[in-house]
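Here it is: the structure, laid out below.
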């Protein structure tokens, strides 16, 4: 039997995310954002983190606001439906946050290079742009065949990818569905993979559909059970996007003071996923629940 | 028929999409513009969303953003961002949409650093996929507020390349194709001169004067010989928009 | 409504594979090999084809034997369980077949470069090997960041990918499952995509599981219904590998004369998939049928 | 206890796998070697198959080749070849297996062109993934027939790089790691000298003399100081092999 990797979320973060780690999160951009795990980073007062992600919606802003972050390697940091991320703005404008600017394509290629085990990937994007100014991991180069000018993107190998998925077994085998963003490449590129899952299921639920497995289980370091662990982002099959959560956050993060109040309420006073769902309340959860179900047609992996 | 300014802008955006085109759909107003085009004159348009979605039908319920679950429901394809970017990088995307905070006469966009990187006065969210869309789509459409502080002679930072310093620049830096085709603003619609690559006003929104547009532009703006008025949304278009954005979250005044 | 793309196999090949085409096939290596479509190329006496694939098992050998092929761009051509492909051997030894030697990794990267829209991809394989001797699409280069020596692999953009899959709708939306080899990147890299499918299904069977879609339907040129179209290779969910078919082929292809006899029996005298299954016979098909079914657990794409 | 030569070779191959290792499994005898190791001393070994399979349990029925459906059934992961190659290229594969038609004293393998590319006498199937495994695994094991025409001073064509021209060559050409560790032949087992990178005989199969091995090698073969006899398959190992290859398709005489 392979080793069981199921841990309480606090222990998973404690063991696999030391201070100074580089962490990829929010890899599917708007969906499946690992908010519960991100809040655990805040709760454990991690320091000097480097956050890596394409568009993390408000998660990066929260971890920045809590003072955990030294550097950002991302394409976009803000609030998808309201605009700016205020903690991010404050930190960059104050000069306290190191920035490596990417586009979604360059970040995807950086992680794909890591996943493929090569030191860089070529791209045709960003030529003539100013992304190169804050990003030493982008260089122009000439194609060895066509002599075309290209953007070389250096490989990115995060210390850990933290991903929130729908279902996993205790051995680290997990299913994800919906738009997948950069999840697959980021997991393969990372030293550690930490999965939080809506459900922990029997191993055969996973193994009866190996094409839906997101990354090979032997590469996974920890699995934590985290129902509503993606809230307020949407989790296909489980709950819809909580738009109000994002709208509220705009005001809640407007100043450092209001943000600390938000942190006290939504992070510091929460010690388990049960606390979190209690805070959300039954009505809000019912409102966000999937109402129109649409099940996939099974396929046969028999012999 | 009364309409809001965002409704007019979304309608103008929708008209930029021809039937059958492959559209890289952005966030906010462009999302509605694509839905509007699909449900009116461009039923065969195909939408690509950078987070890993291809769909060619309307979502069954109004959505506020592209990651909303109704936008995943019965999508044609759910896959990786790299797959979407591959289609874009190959040149298979006809048109894309980008919002901007600061634009210049050659259509370069800044959504990153007001003041530039060494003297940041305002940090904006950054590129997301915008730099990629501006670099790699066959053409792209810019949507933004028309204010003098936003329409500047030269952007402080190029997040998304337009025509750079003018004619020939894109080829010189190595961009394989494309460039901005249209800027849809809160005051009018602008297009780019094929020779000089400089932006010029081609239509003003109803009730807006050329002077107002000029006053809100940070350089002596060129005006097209045949200046028109931006067509108002039709009743059908407004009906559709009401269905896509029933709370007028994006299209309210 | 999008355009219906369902065509008889003969018409699909006729319209989208002119003489001189470069065609990617056999992309999943041992499974899902498009034998029915390959036989149709022979039946239409296509000329000057370039065949592209990692390990095509015996399909490439058959098309070479029929005189349709000018050039091979592949990592391995033979018979997986008996060894040599005799038509391939004869043609290379006679000097009538142009060869571009790849490894599985270089071919995967060539197609991935095509799929990503970049002119090359870097790799760490094949350095010091002689693959470079017959393959001008491999060059050594130095990494722009680390200065490491790398193998640059030029992009490959086939005129068509021909893939055999489990189920498709008439609009070109299709599901595949099992090991996927190079199918996904090859389809994205190709100008045309021709799908042969075990079953043509209602569109909602496909659209209720968009993660299982193999390539975006708008990129597909034609879909043909071809039950048993992968035989003798295995098709997950439909039938097992027909080992005897591969073993028999060793003797059947030993000489040019025996091969022509094989071609007469298995290709020239077959004019439809119904003919082919008649030739196979009910007992053989029953022997190859899936006997131990194992269905995937549905997932919910609702909202 | 009677056994066949292929059974002995598979058993020797299995013993090259340590428990918990990640194994890139090839075709034919290595496939059985992996299954044998899994079912005896290496239950936690993980198998990677280049066509896009990761599995860490035995297939429920005997398989002749890696694409057989029982090898897909309840696999841990079914994905793309590029994903498997990524794991390999990253250095996450501990050991891999390759068959060969021609080998030289530095472990270079030819499975492509006997006679070389300009004077082809025999065209063999080619690399498949072998070149990649030889380039990128932490170590690789070669399995082949021991005949003088196959054991040549210098291969006609390097399909899969061994130690090239000797010590330091792999680093010089840019290979990131690895190299051949062992050659399991029909006559014995050979390993590589850590200094010179030249292959030497470390064990002979039961009943095979050192002279026979020398006579079937195309250069003056080095012999290890402590030459041993290759261990015979145990009863348990033969039992297992009988279950994995009941028709003795691969392990018959």
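Chains here go by letter, A, B, C and D, matching the order in which they are written, and residues are numbered from 1 within each.
The criterion applied here is as follows: contacts are C-beta pairs under 8 Å (C-beta built on N, C-alpha and C of every residue); 3 or more make two chains touch, one makes a residue touch a chain.
Owing to the predicted nature of the structure, the values given are computational and were not obtained by experimental measurement.
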Chain pair with more C-beta contacts, C-D versus B-C: C-D
Just give me the whole-number Å value for how far the CA centre of chain B lies from that of chain D. 57
Can you compute the centre-to-centre distance for chain B and chain C, using the mean CA position of each chain? Integer Å is fine. 40
Find the geometric centre of each of chain C and chain D from their Cα atoms only, then give the gap between the two centres in Å, rounded to an integer. 27
Centroid from C-alpha atoms only, then distance chain A to chain C, rounded to Å. What do you get? 36
Two or more other chains in contact with one residue: find those residues in chain B. 60, 68-69, 72-74, 78-79, 82, 85, 88-89, 136
Two or more other chains touching the same residue: where does that happen in chain C? 116-118, 123-124, 148, 150, 177-178, 180, 184, 208, 211, 236, 240, 290, 292, 294, 301-303
Pairwise chain contacts, counting only pairs that touch as defined: A-B, A-C, A-D, B-C, C-D
Partner chain A, residues of chain B touching it in the complex: 27, 49-53, 60, 64-69, 72-74, 78-82, 85, 88-89, 112, 117, 120-132, 135-136, 157-161, 164, 169-170, 173-176, 249
In the complex of these two chains, what residues of chain C are touching chain D? 28-31, 54-55, 74-78, 80-81, 83-85, 88-89, 92-93, 95, 101-105, 108-109, 112, 123-131, 133-134, 140, 148-150, 177-185, 233-234, 236, 240-241, 243, 290, 292, 294
Give every residue of chain D touching chain A within the complex, in rising order. 22, 44, 46, 54, 56, 60-61, 68-70, 72-79, 82-83, 85-92, 136
Residues of chain A touching chain D in the complex: 2, 115-118, 173, 184, 188, 204, 207-208, 210-211, 213, 215-219, 301-303
Sort out for me which residues of chain A touch chain C in the complex. 116-124, 137, 139, 141, 143-146, 148, 150, 152, 154, 166, 175, 177-178, 180, 205, 208-209, 211-212, 236-237, 240, 290-303
